[in-house]
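Once you've had a glance at the structure underneath, I'll fire off some questions.
The first chain written gets the first letter, and so on, giving A, B, C and D; residue counts start at 1 in each chain.
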Amino acid sequence: MPRYGFLDDYSEGVHPTVIEALSRTNLSQQKAYSNDEFCEDARRLIRDKINAPGATIHLVPSGTAANLISIASCLRPYEAIIAAPSGHIATKESGAIESTGHKIIITEPTADGKLTPEKVGTAFNQNSLFAHQAKPRMVYISNATEMGTVYTRSELAALSTACRSLDLLLLMDGARLGAALTCPKNDMSLNDIYNLTDVFWIGGTKNGALLGEAVVIKDQSLGQSFPYHMKQRGALLAKGRILGIQFVTLFNNDLFFRLARHANDTAAKISTSLVSLGFKLWAQTETNQVFPVLPPALVRELQKNFDFHIWEHLQDGSLVIRLVTGWATEMEAVERFCALAYAWTKRSREGYTTMEKL
Amino acid sequence: MPRYGFLDDYSEGVHPTVIEALSRTNLSQQKAYSNDEFCEDARRLIRDKINAPGATIHLVPSGTAANLISIASCLRPYEAIIAAPSGHIATKESGAIESTGHKIIITEPTADGKLTPEKVGTAFNQNSLFAHQAKPRMVYISNATEMGTVYTRSELAALSTACRSLDLLLLMDGARLGAALTCPKNDMSLNDIYNLTDVFWIGGTKNGALLGEAVVIKDQSLGQSFPYHMKQRGALLAKGRILGIQFVTLFNNDLFFRLARHANDTAAKISTSLVSLGFKLWAQTETNQVFPVLPPALVRELQKNFDFHIWEHLQDGSLVIRLVTGWATEMEAVERFCALAYAWTKRSREGYTTMEKL
Amino acid sequence: MPRYGFLDDYSEGVHPTVIEALSRTNLSQQKAYSNDEFCEDARRLIRDKINAPGATIHLVPSGTAANLISIASCLRPYEAIIAAPSGHIATKESGAIESTGHKIIITEPTADGKLTPEKVGTAFNQNSLFAHQAKPRMVYISNATEMGTVYTRSELAALSTACRSLDLLLLMDGARLGAALTCPKNDMSLNDIYNLTDVFWIGGTKNGALLGEAVVIKDQSLGQSFPYHMKQRGALLAKGRILGIQFVTLFNNDLFFRLARHANDTAAKISTSLVSLGFKLWAQTETNQVFPVLPPALVRELQKNFDFHIWEHLQDGSLVIRLVTGWATEMEAVERFCALAYAWTKRSREGYTTMEKL
Amino acid sequence: MPRYGFLDDYSEGVHPTVIEALSRTNLSQQKAYSNDEFCEDARRLIRDKINAPGATIHLVPSGTAANLISIASCLRPYEAIIAAPSGHIATKESGAIESTGHKIIITEPTADGKLTPEKVGTAFNQNSLFAHQAKPRMVYISNATEMGTVYTRSELAALSTACRSLDLLLLMDGARLGAALTCPKNDMSLNDIYNLTDVFWIGGTKNGALLGEAVVIKDQSLGQSFPYHMKQRGALLAKGRILGIQFVTLFNNDLFFRLARHANDTAAKISTSLVSLGFKLWAQTETNQVFPVLPPALVRELQKNFDFHIWEHLQDGSLVIRLVTGWATEMEAVERFCALAYAWTKRSREGYTTMEKL
């Protein structure tokens, strides 16, 4: 049985139709720096999908680039951004935001990775006492969150209202926006997100692209200055066509959403299976990340054939692991995983029962 | 006759064998963030080619990223980098170096885009008077230069010696290093460059890759810290494999060098042809950039069928244009270009002669 | 009865002998930028006091300047500094550290404002998982802390050992170092602090100077580069003499320590008095800051004649106020304050007793 | 004969009435961070003097702080500032502006240190080609310039008009604004400067203060955010009173202007005297800096009794020296200097004449 990985949603390459598109368009001479016709098409397709003719869209090579450029573009030097303790920018980007000069204000911990008007309000108040504090000016959220949970429309609307009343901009990191928008719990459209945020981005890397994220900007003047920001940060690719071709391919015929749905489905299968065996979840499985709480012996057994991250060591000795599925996850591998968990659990409980009897 | 472009060396996609390699490796599960086996292979291949087993090699998505990360990695906050007025970092990167906090000290103008020990020495002396000046600590050169010229081994050795005597690091921007190393005038190996510089990078984007530059670092401790710098600047791709696969493909069987040679050959053809028609060159054609000085009427004629940049308006009314060839430049298009120039020139001179006679 | 302020330790000007010194030296022509003879004398005096002939000492105009320059000087771009949630750099400097590009990693909360090897170790481990986290490289502590507490020699030694074992530099913010070194609990000398830290600074502004802090640097190469850092940050005063004259005056005949002792004594008087009336303290009074927990009615009564900050609203309705004394605090004002508290408390309890009886 | 210095205009302390004022106000308890009554008074006095009731005024400790905070406050990250090659920010501030992330675009050389609409226009055009260049957004001038020259009203008006037509802000560095406004050539008022610039600052350090510059800001929203910028850069002094007291003293009864006039008068005396001896000037003496071109032997003679900087070594062997006078320059020392130059010149010419005769 070959090893299989649930480490993340970027272990494989790119959806094959993207490679076909790269091949087909390869020798066409195009303008550089995302002024090519594929980027034009991609921007138009995405604007249509959002139903926002006035939106400015820019394609950048990485999620960290999307975040750091968006934040540095929106803030004055002394302004700060509010994020949850689990926010990607706060913990997993090597200080990228701070390297642009901006403070990240961390809110009180959240159980599910989501910010609320209350948490934002508290962080705002504690940091608005006087000019000796970096001034809160933006709120950062991820959808899906780093824990795989999603915002409902009413949750995002409440957050949006709170931000506007406090003169805070709202930025949504959409590294896994595909998964969020296609999960059963979702009740939002791209248009809702466009209306309720100031800047958001649609992640390609984690949903079938080789690289690339599409930043969607409402403010026209900010949108126009973005190419400067991108060039300055090393994020304006000479052959921007590679980004355009991918987004055109992904947004044609809703491939993007079909890929995301597959990721969610395979995650749901794993989650349901483990729950039916009696295991708890550390966070609800709403999208393509599963965080089961498992006994160490089962984890060791699974590690013989599967790769995944151990996420937390709980005080009772059990382990939280993280299983991530993606557009390329094979359902057959998922089934093998579930079967192994089932077999171990059955064996283990029989043993236990036997011992009990004795 | 279809239009054809000599705007730059990044108007087309990628060498087809790269697309084949992407396709072939696509579904293999790989570690993220350039820890995959392709990146490993690429680094090993490049190290072998340089003959530098101790070199650290990191792959980044763009030339600006390569420059800004290299410079920010090497300098203390108050240290500055010396560059020629034509240096890419000084004029074409939207203040990317300054955005990392570092001053670029501009030397006296150079006729050919190359720095000399004298020019570096003068800039160093004028900026080493006291602590009220940013302290020179690094020298930036490009090879090939922005004017298409190349350094000889003795020129680079002299510069290297000068830098060491002044405690200056030497960085070589190799966006067009392929062209430099395969041009007739070149007498250097990659190993020479490794020994004579502190950091240099090998450009993929302008020589057959979709994106990607390989930064070569001598200092071990600097090399080890590079992943932090890359992540922090948004330049650590989740699917770093795309960079690895490309460099593996390009450095196998010296494809990289064959592509560069083709670019040089097509440029030489254009250059020779125009010179034989009696036109002057604004800069010697040593690699894949040609800067002929042409009469406006000829430029207008050429523009009917070809795209290129007008580079300078000279005082006598003539124009400097820039023609760039690349790995994908079609020799047939080059021939059409030369034929058009020849026809116009002949016609024009006959007319002139006729008029003269009258 | 005139109003009197316990808002902070910088409400008054400067010790009168400093004004005399400014007047006496005023027309002497001196070299600029802290190359004058007074700065020379100040540096020598402080080095003698520390008993560290090899120490480099630089005088800067403000505490925030001392912190931001020290931190930016020591760290590489991707490196971070660990601080307590109450650390001045984390909450009261408008993002000054982040504006230099560096992340502040916040430890678990501390009851007394002090860091321990455990807290540092936990923060270090949680931020050393991989290159996607800003790399911890320095620890920031204040002595006295923002809560008025001080480190003992053994506490600092333990922290120093922990830092060295984790390859972390240790920076001590000494805005109130005078108060720390002269308080009853202190068992450290300046020499101890020099040996146990990498950089520390001696605060003038909060202990009798108009402005100015003396940064003490062990590493010679760092020390030599400091003037560049200072100039670059706008912290190299043309008439650096003003800093030199003040530190010479303050370190002659231990005036600096006598002033600090007076601040501590007046704070102790207030603290003892309130404790004897039965009020609790939110933090131990170890130096010149007192944090009593008082009923709102008493706070209102005190506010009629005194200025101070309300620090916290506790859940039981009582208030934490902050009273700060300084070199210029008048003992007579302290006595008036204590008398007012005594009178109100007595009155209030009698009333209560009377009501009880009914 | 005691040595005397013409090195700069900050070799002495502060005008004695400032020391008196410091002494008189010393024990008054005041609000911190420039919220004290002296700063209030200073701001009001300066606003009155400018005749600009809507101006926001902030006091900062150094000229570099004034420049870096003003520039960082006005620009977006990718925007650049245009300056003359001799501009203070370009050459004498250790990369302070670049450390805030902004590029300085250097214009063509100027003979007199002054920018013109043409020079600004050329620099603007060369840097407005596309998003690969830092975008020009502000122009920096000094008045008096680094060469001691001043702008006339019509020159400044022309520059202002040019800036507005190119959407460029105009910043005037007024480190020596006192000297500029009181020199014979000046035909501008503070109100003119306020109307023709966007931000300017009035230098205290070089005209009778110990430290301190008053930044004058027209834009209300920028003005309100300035305290954040100041705190973040370490330029918000706890005892801001020291700045307030000095500016109140200097702007009462026009002391500021009388001091500047004295500096100009002593410089004029030196300049006239040397010119009358037949020596040339490297730059016109318009304010308090004199740049005579002298033979090395005279320079050596003068160095026996006077300190000054050698500014340039000219190709014919002669030297440009810089003599700076200030508020505290003693007319008696000036006379000694002139007498020495006269005596040497006379002696030297007699010798020469004698030799000629032979």
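Operating definition for what follows: a residue touches a chain if its C-beta (ideal position, glycine included) is under 8 Å from a C-beta of that chain, and two chains touch if they have at least 3 such contacts.
Because the structure is a prediction, the values reported are computed rather than measured.
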| item | value |
| --- | --- |
| Longest centre-to-centre distance from chain C, chain (CA-based) | B |
| Winner on C-beta contact pairs when A-B is weighed against B-D | A-B |
| Mean-CA-position distance for chain D and chain A (Å) | 53 |
| Between chain B and chain A, distance of the C-alpha-averaged centres to the nearest whole Å | 36 |
| Separation of chain B from chain D, taking each centre as the mean of its C-alpha atoms, in whole Å | 42 |
| For chain D, residues contacting two or more additional chains | 77-78, 93-95, 99-101, 131-132, 134-135, 228, 231-232, 236 |
| Contacting residues of chain D [partner chain C, same complex] | 4-5, 7-8, 10-14, 16, 19, 22-23, 25-32, 60-69, 93-96, 99, 205-206, 210-211, 228, 231-239, 241-242, 328 |
| Chain A residues within the chain C interface of the complex | 77-78, 80, 91-95, 98-104, 106, 131-135 |
| Touch list for chain A against partner chain D, complex | 33, 72-73, 76-78, 100-101, 131-132, 134-135, 225, 227-232, 236 |
